[in-house]
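Contents: one structure, followed by commentary.
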Amino acid sequence: MGSDINAVFRAEQMDPAKIIVELCEEFYNSGWMPATAGGMSIREGASIYISPSGVQKERMRPEDITIFDINTNQFVGESTFKPSASAPLFRAIHSIRGANACIHTHSESSVLATMLFGNTFEISNIENMKAIPKCDGSGNYGAFETLRIPIIKNKPHEEDLEYSLVEALHKYPEAPAILVRRHGVFTWGSNVWKAKVIHEALDYLFVLSVKMRKLGV
Amino acid sequence: MGSDINAVFRAEQMDPAKIIVELCEEFYNSGWMPATAGGMSIREGASIYISPSGVQKERMRPEDITIFDINTNQFVGESTFKPSASAPLFRAIHSIRGANACIHTHSESSVLATMLFGNTFEISNIENMKAIPKCDGSGNYGAFETLRIPIIKNKPHEEDLEYSLVEALHKYPEAPAILVRRHGVFTWGSNVWKAKVIHEALDYLFVLSVKMRKLGV
Amino acid sequence: MGSDINAVFRAEQMDPAKIIVELCEEFYNSGWMPATAGGMSIREGASIYISPSGVQKERMRPEDITIFDINTNQFVGESTFKPSASAPLFRAIHSIRGANACIHTHSESSVLATMLFGNTFEISNIENMKAIPKCDGSGNYGAFETLRIPIIKNKPHEEDLEYSLVEALHKYPEAPAILVRRHGVFTWGSNVWKAKVIHEALDYLFVLSVKMRKLGV
Amino acid sequence: MGSDINAVFRAEQMDPAKIIVELCEEFYNSGWMPATAGGMSIREGASIYISPSGVQKERMRPEDITIFDINTNQFVGESTFKPSASAPLFRAIHSIRGANACIHTHSESSVLATMLFGNTFEISNIENMKAIPKCDGSGNYGAFETLRIPIIKNKPHEEDLEYSLVEALHKYPEAPAILVRRHGVFTWGSNVWKAKVIHEALDYLFVLSVKMRKLGV
């Protein structure tokens, strides 16, 4: 699946900052980034492009995107905004999972799903699981396997999630995402389009699991 | 968060009447202002711009917006429409909360939320609460605090809500909004973009609280 | 409220056929006219413009709209399509209610609402009821009144609904709409914009009544 | 209904590849093809145009569409993508049902509907059933008839569904669609617009059946 997605998005050679602006507006319209919530990052070379903190995700401009330089370990670039409070979490994910793109949203269904499960969200036997790769490199999930996503505790300050997020990434090497209780979801991909596809597939599963609970099935 | 939002909405120097037209159409499309319901106001200097009464919120034009002059205590301007029936409530909110923008909608989830609670809507332990400022000036809500919104009784005539709305504003100095039972929600902000963000964050919480009730969590 | 809505829709002097095309596409996008379902009519002078039968409501053109001439009691005009199977029902509503526009949709919530009630859908104590006029000329509903909409039995052939629809119009002179069990809703207005507003207000009430039932309130 | 729909879509003489691109984007926006899920095919003469595998359905281009030649039994054309894993299923449906268009989606309601029924999804007494033709040539469903759709077991590999799908097509000659348990729905039509209408009508019925179950009606 991977190279196909890449190939479909060809041509444009878009600037990562422009992609972040475009996708955040799309995610706002999907209800996943309401009220300034959420954020995303794209790594290109030694630069990590990160959406700014506390701004309306539907009204950003490319020059608002903050840029973190991996070599100097500092924010560079000319954005007048603070980087997303998720920045340290995005950097950890880029590093530990080798991801080149991270997406964090407060999707309603992700939040509700964390209320229905204990330490891990679990689902199995749904065709759409096939769109999601296991992060241990063993291929995508089969429809009859079980997908497990760790649910970590929320903290008063987003930065303070780093320790437990990193711990969960190590403890669940296969997991394609981390849920934060009553907060939202972090996911990622080897490129931004894969990250987008994985977020869509996960949200679809969160929606189904919430509706299945209501139906008692 | 505040100044960031301001900054994101730069440049345009839009006329308050144009902003009201644009946002009401957006709120109509979100299902928050169906069938002529709802309204909003923006204060600029001694003028309060107020959406007109009983018109389709998706089909207004800037010249339809009514203008109230604080100095003369009269409606001025050339709109051929009556001001919103919420006008006295908006004026009270501008005055008591020091708000420069008010939004009133009949969002389904706000109405349903009023059916699930007694005198105050309450929610806690949801990350998205952080987007909402406490109106006593003590900063935004933390994710682990409790957000309380007074629910006042509906009245046959919207103007007659003024007394109980004012009373609730004084009784709950922290409250970022007032719910009206089986009617809708009033919220506000120090500028129109903050008011929009706060309405989005509140509606997200109303949706969650309704779904949590259905799920029994 | 009435003249205001008229006034908001000024200028354009649109052809009724163009309005029908535009609004049916909008209603399709709202999910109210899926899969060729539903239809609408506008009376102008001795002509009743009626959407065609069994066509995709999102892909019509003005020349597809059928025209019924009240003087000759015949369809005139150049549409190559059959008129909506609702045509006799629309004509009855134009005649009995004096309406100049009728809207018929299969909105999901209207269908579900008919499953929750016996001979009449009833709701009270919801602010948005104020957008809906009583058809006996006694003004709009107050928020604390009770809105009653007769639910008639569905029939195998839509034309065969005429007798019971006419009966219900006479038996419930106040009623602003007729529901058809497990089928949908017919509503109308003194002009097309009022009919649109009334359909929106009713659908909002149907949605609320379904959700209230799920919540047990 | 049939020829009307054809007639509404006149003029454009669109290339099947362009129609597939346009409709897949529309189905993505409806939530029916999230995260690269689903696909569709159109038969024109000896060519079957089939959407590619594993690509974002909202970002395809006409040149990405794969083309299967019925005469040579081979894929021809210049797409750099693999054909949809549903290709053998689409070809079986084209052949057995004489359909000229097939649509396969993972719509949430289709998946949930398969969880509520045993070997066949059943619904009756809903007006919108009239939009759906029986595949034995005996006309469209009446509102008071019963619509039955077989539900086949899901398999780890989509291609392996062919045997049970073909079996179900033969066993239920009237059935306008095949559901796959916890996977999605396959439907079709004598042209692509009819297939689209039928999918919309079916999804509406799936949504209703899920909501009826929640309401206990």
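Order of writing sets the chain letters: A, B, C and D. Residues in each chain are counted from 1.
By definition in this document, contacts are C-beta pairs under 8 Å (C-beta built on N, C-alpha and C of every residue); 3 or more make two chains touch, one makes a residue touch a chain.
Note that the coordinates shown come from a computational prediction; the quantities given were computed from them, not determined experimentally.
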Next on the checklist: Do chain A and chain B, two copies of one chain sequence, contact each other through the same residue numbers, with over half in common, or through different ones?
Outcome noted: different
Next on the checklist: Taking the mean of the C-alpha atoms as each chain's centre, how many Å separate chain A from chain C?
Outcome noted: 44
Item to check | Length of the line joining the C-alpha centres of chain A and chain D, rounded to whole Å | outcome: 31
Item to check | Junction residues of chain A - those touching two or more other chains | outcome: 214
Checklist entry - Which word fits how the chains touch one another: line, ring, star, complete or other? => result ring
Item to check | Contact set on chain B toward chain A in their complex | outcome: 1, 4-5, 7-9, 125-128, 131, 142-144, 193, 196-198, 200-201, 203-204, 207-208, 211-212, 214-215, 217
Checklist entry - Within the complex, which stretch of chain A touches chain B? => result 34-37, 52-56, 59-61, 64, 80-82, 106, 108, 111-112, 115-116, 154, 156, 180, 182-184, 210, 213-214
